[in-house]
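Across the two complexes that follow, chain A remains constant while its partner is chain B and subsequently chain C.
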Partner chain A sequence: MSDRKKAVGVETIGMTMRFGAFTALDDVSIKVPAGSFHALLGENGAGKSTLVKCMMGFYHPTAGDILVDRREVAITSPKDASALGLGMVYQHFTLVPSLTGAENLVIAREKVPGIIDWRKERAALAQFMQRMPFKLPLDVKVAELAAGEKQKLEIIKQLYLGRSFLVLDEPTSVLTPGEAQEVLGLVRGMTKAGDLTVLMISHKFHEVTAFADDITVLRKGRLTGTGKVSELSHKRMAAMMIGDQPIAALDSRAPVPVGARQILTVKALKAPDRTGLKTIHIGALDVKSGEIVGVAGISGNGQKEFLEVLAGQRARDAGDVLVKGSPYGASRAEARTLNVRFIPEEPLRNACAPRMTVAENMAFRTFDLNEAGKPINWIKMSAIRDYAARLVEHFKVKTASLASPISSLSGGNVQRAVLARELTGEVDLLIVSNPCFGLDFSAVAEIRARIMKARNAGAAVLLMSEDLDELLELSDRIFVMSDGALVYETPIAQASVQTIGEHMAGHH
Partner chain B sequence: MDSTEIGLWGVPLAMLGGAIRVSTPFIFVSLGEAITERSGRINLGLEGTLVFGAMTAYAVAVMTGSPWLGLLAAAAAGLCFGLFHGWICKFRGVNDIAIGIALMLFGSGLAFFFGKPFIQPSAPDLPAIPFGGWSDVPQVQAALNVNVLFLIGAALAVFLWWAFRNTRAGLILRVVGDSSDAARAMGLNPNTVRLLATGLGGALAGIGGAYLSLYYPGSWTEGISSGQGLMAVALVIFARWNPLGCFAAALLFGGAGALGPALQSVGVTQGYYLFYAAPYILTLIIMIATSSPSRSLAGAPGELSITK
Partner chain C sequence: MADTVSSAGAPAMFGAKSYPAALEWIARRAEAFVIPLAALIVGMALFSLFIALVGKSPVQLYETMWRGGFGSWFSIQNSLSRAAPLLLAALCVALPARLGLVVIGGEGAIVLGGVAAAAMGVATSGAPAFFVVLAMGVAGLAAGGIWIGAVGALRHYRAVNETISSLLMAYIAIALMNHLVEGPLRDPASLNKPSTEPLAEAYRIGNIPGMDVHWGLVVGVIACILSWLLIEKTRWGFAARIAGGNVRAAQVQGLAVGPLIVGFTALAGGFAGLAGMLEVAAVQGSANASLAAGYGYTGILVAFLARHNPLAIIPVAFLLGGIDASGGLIQRRMDLPDATVLVLQGMLFVVILFSETFYGRFKAFNPDLWQRPVLLKGTA
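Then we have the complex of A and B:
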């Protein structure tokens, strides 16, 4: 742990992984030389995580070999991998939330004494942290750290364990642009010094260009390209990733008419956050007809709670939420008369009943109304099916049948089904949260196009997203939420990633 | 005994003595349950384990003449119950709460079945230490006659509190209880850790049962437990899974439980029976006071099925 080993190089030869009849990885050979920074690119579902999990001994590949420093090795468990100096920072945090940083580091070690002498361990940790380029509080519970700090701790943990080859699976998806620079800069420096080899999974081209030496691209389990970053354009990389599938184009943005009607008004809203220790406080927010207002922020800064208040899932302590001038409490009747529609994040969990059929899920808004919009007592399954069939066709939802459970659909198609339900009929206010999280290129493009269409048709859209690129592409105005409050507002014409990032990090 | 001699002072004194006497089974069951729940599983079967432990301890003490052998036998029986619970729960789709309820009924039923012949004979008691020798007041002497198991329980609470943060085993237990994924990424097997934690929890509940039949009330009857095993589970939750909190809460419960008898002993003749319900009312009040609709339970192990 103290004297770090030098960087090692890793190669895979003919890596193949089948899950039953499905081939997730097909004869993939990649080469990551010692001391290099390698980027692994590919769409969601391309097999990137599968490949690195095979390298880490989490999966046992159907076929293929791994070479470490040009010697063939057998890696059958994560323990084997760590004995060879191979480590990984997972897409989802693997720190234990109720333990402190120090406890997390010590317990992750190969050999932990039966009784832990904390005085000695603290001293050793302090010494170790002195060689790290950033400071971290090690005595608070991990649950109380911000996402960026957690990610740094994950990386520090790997370094503490003496890794000489590090896999980072989409390491910056939870970081502000500034934090991402800092963290990647740190590992980049270590590769340059020859202390570390890095294999980073990413789909952010600007990061790849700024930090990586070489790339490997996967598509549908196959290797579709490799090369030096310095010789490849973003366009070329994108082509390797997505092939030649059609991508929906965004409608051009109709100008917001002057004097457009104010649809959503939030005034002096106060609500407890999920720990109950802090409150979120929204001073004033308004969204006009025909505009998209984006809310940026790192997850855990109160966006979720704000959304829950708007959706009626969380009680508020004070303040008003008005839609078209009338108070809005998120009841079914109010949503119906005021034409409010809602697309929460992780739609399968938050907007669907996973085991009910596609048709039933799509009818949630309308199943108890007749054609004239009057409440009915007897539900007609045939009407529900016909309605769903029309929507499925119109929104191009791919499903085996209308009677399949909605949980059997892929993520993109669940989101299309939810969009179909929410965007059909008159929409005056649309509240959306992270609509494209974890979807592939074509689904992302189509869903953004649908949101833009709704805006151009006169809907007021409140869009919360952790993806800054998405906000910059769609919004007319952007707010930044930090520590439970809206701390910054900018029209899109003056928006700069730099300034927004600083406000996200709370540096103002 | 004439209680008017010290007047109303008899009430707090009797409550103190009662707290010490009544709390011991709560201490053991709740510490056992704290260990189990910290590993991410809940064992509601401890009520059954407690009753079976009481029967086993009494039977073995009658047959061998040694209360200590009885205690050991109760711990072993509890261990078996716990391991059984832990073993069944490792299968997919098995719900730990449902299994716990089944084991609770199973344990009591089995104890009644095997315990029939032991209702009559009398067994030797576990020893107590008279800390009240300095006083001539009989009430003080009675209150400070402390059983060794109470002292062991207090020491155990302090030890567990220390061990949860200063030993490898303690940290591993907390890792498993908080995140199975993190545990697996570390190469730990959550099922094994939970099996052991549930076994240990069962053994401690068995010891709690031994105290019931071998000290207070000190005989084996079918109504020996009045739900201590179940209330201890509630107690762990509002002690926030902290062993020292479990100890304090157990004392509080013991004191509340002693309120009715204490009032009766100073000559309150009406309404005192209402105070017999004090522990149950206390459970409700504390549960309501410490919970909130808008906030998740602080300190709850992340893998616990009731708080997930």
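Then we have the complex of A and C:
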């Protein structure tokens, strides 16, 4: 809103943050010069968000200093950070969907007058927008904006509030490849012009290479590398991130046998979407034994609803879902006889009861069966514990105890526990959604390896993911879902990121 | 437990030191005992302030409360008599709570259960006593079960908030009872207090031998034990706990969440209806406005204090029954209104709800936090 500010540079010196006995950040010094585009890399739990939260005044570091434009400053609250021109764009949108862009901008200001003179505000905003490199409709409700536009609005909001140093926390995770290119390109332009300094948290090496000047890598709270992007290969960056720990290798892909049995068939499926205003419509989808069919798409294009129909959580209006030729309604009995397994995204939210124990959670699929697979009415806790102990060992789930609540495990170990539960025994159809979302490198590699192994063992796998790289790595065929329908299909051999991205954005 | 895992090699990350499994077991369970107890003490301390503000001595009050509720064989029997309906009313809250539902309208099921049982008693009059009492029990169970089962069905199939609907349905139930006992079911001989026809003496439920406490107490205790077995030891209980822990996870596992919710709420309502039947058959002798004595609401407090554990309901119901029983003595001895004990109950309830925020906060109760410093000492 105020006068145009020049970019500021930020430095941290010897940042250390301890939570009780746990050291989240250990003597980290990074330097982000004014007008640069800096990338911060690291696995989950490496300390990236702790570092930026210290910069933003959310945490008070145990030791260390922050320099803004080479002057030592005390940032004790987000207010202080804001006064210095430091701002952050979060991974998930923080806009109010039911308000327009203009309203969102005005209410975000620190001092909003008791009575807002909208005519005056709009005039001021129009003037402000003329100086901005992005053009955006500000009189449209945020809910009606596309994800890319929302992300641009988030950035504009920071600039409007007078911030000239922005932390972008995985800013492209909700965007199509095209939108990501555009948004980062515009931000890059502003840093080049010296109007903005950017510190971007990212997992995507290709983005880092394309847009950033320098990188800093953290691992387990320590600084493990820094350098110019132009002088570093992806391999070198990965080595800095994960150290020398072994990464599970993907099984080589066995070819899909000719005449493989068709396991999942979806025909003319119609169901209402979340809002109840639109319908999702799946014309025809089939998955054969020993093949992974990927479904790409930006979140909110009906993938969730489609999965919910398959999982029996959402009623359908019309159409058929067949597994091995028999109608499938996702009841426990059907899932059991047809060997259907389901791994929803965010396992702690969707596949576990967080406050029940690890052992109980691992028994969700089998608690009502005895060793011989016959139904039982009386539960035996000792049998449940023994079963869980075996799976914990086999799938290398790290847990303090089987009696710990599953919410006490790390994200990767929750997902391992769920995989252990769902991939044990014979699997004919596996339906997976965003299995690696938010997990660290080694867990991701291991979980993808497990899925590939299940495929090679003959399971038909339907994989829905918002991570295009994951789909390209695992799938045999890829569908694109857009606006509630499957709009494009390609075998992996002919898949191009460009074309898939265009279909994701609905440009065809 | 811990040793099972060690043998599986999982917690290698935690280094050498480990704690005995028994200690871990005790720590994990102690939380649900210590926190409500502390809340009880804090609530009583706050109530002391209130009493001091009205100009009375809190010490004398608690002494009177002790004498009125637990100090003599007579008062203990009085407390046990009041605990009987509380046991069943608390189950009406505790069973749905395990499915993640907050049902607070048990009073409605009690009232309707009582009316249905009284009507059944009149209708089957003349039949053998055993048959009549059984039929009355079934009628009470069914009426309460349908009432609260409907709350569960509304919740699951129509997404109606169960807390509000159960409360509002309790008002409907009380109005329905008033209509029935003042109209179609009224005994013309009941002049001052409209009631149904009194049960013949032969059909009344008597006292446990050697005690001045009716058999309802035994029924309540058995219901609590059966409920505990259902939740902890059967597949339906396990399925209900999954659905209560995370309904999405239950649906993904293909569990029939709808029937589970309706079944559990119906059973819960059935127990409350049974409490109404016992009030009619063992205490009042007929159905009238005295059925709405507030047991359904005190039952909410009992269930929350017991952390919805059916076995813990037994001692807690006795405690609250005792507080209830002391009301009369407090009134007479200390010149305080009868409603004083309701103030205490209200304060306890607020403190109990507040204490919910403390779970998982104390390291002593959370073995998952014990090992952590060991890990860090080992590696740092």
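Miscellaneous remarks
The rule we apply is simple: the second predicted complex is superposed on the first by the 500 of 508 C-alpha atoms of A that agree within 3 Å, B and C clash if a C-alpha of one lies under 4 Å from a C-alpha of the other, contacts with A are read in each partner's own complex, and residues count from 1 in each chain.
Keep in mind that, in the parts below, a contact is a pair of C-beta atoms (placed from the backbone, for glycine too) under 8 Å apart; a residue touches a chain by one contact, two chains touch by 3 or more.
Bear in mind the structure is a predicted one, so any value in this text is a computation, not a measurement.
When the two structures are aligned on the shared chain, A:S98 is found in touch with chain B, with no touch to chain C. Of the two partner chains, neither chain B nor chain C is touched by A:R70. When the two complexes are overlaid on their common chain A, residue A:K135 makes contact with neither chain B nor chain C. Shared-chain residue A:G114: touches chain B; no touch with chain C. Measured by the number of chain A residues touched, the leading partner among chain B and chain C is C. When the shared chain is aligned, no partner comes close enough to touch A:H206: not chain B, not chain C. In the superposition on chain A, A:H234 contacts neither chain B nor chain C.
Judged by the touch definition given at the top, the superposed model places A:R355 against chain C, while chain B stays out of reach.
In the superposed model, A:R390 lies in contact with chain C only, and not with chain B.
Looking at chain A, you'll find no residue that touches chain B in one structure and chain C in the other. For chain A in complex with chain B, the residues that touch the partner chain are 77-79, 90, 92, 94-99, 103, 106-108, 112-116, 118, 272, 274-276, 314-315.
Listing the residues of chain B that touch chain A in their complex gives 165-169, 171-172, 174-175, 178-179, 181-182, 185-187, 292-296, 298-299, 301-302.
Only residues 1-2, 4-5, 7-11, 13-14, 24-25, 28, 232-239, 241-242, 244-246, 248-249, 251-256, 367-368, 371-373, 376-377, 380 of chain C touch chain A when the two sit together in their complex. Every residue of chain A that touches chain C in the complex is listed here, in rising order: 20-23, 311-313, 330-336, 342, 344, 349-356, 360, 363-365, 367-368, 375-379, 385-386, 389-390, 392-393, 396-405, 408.
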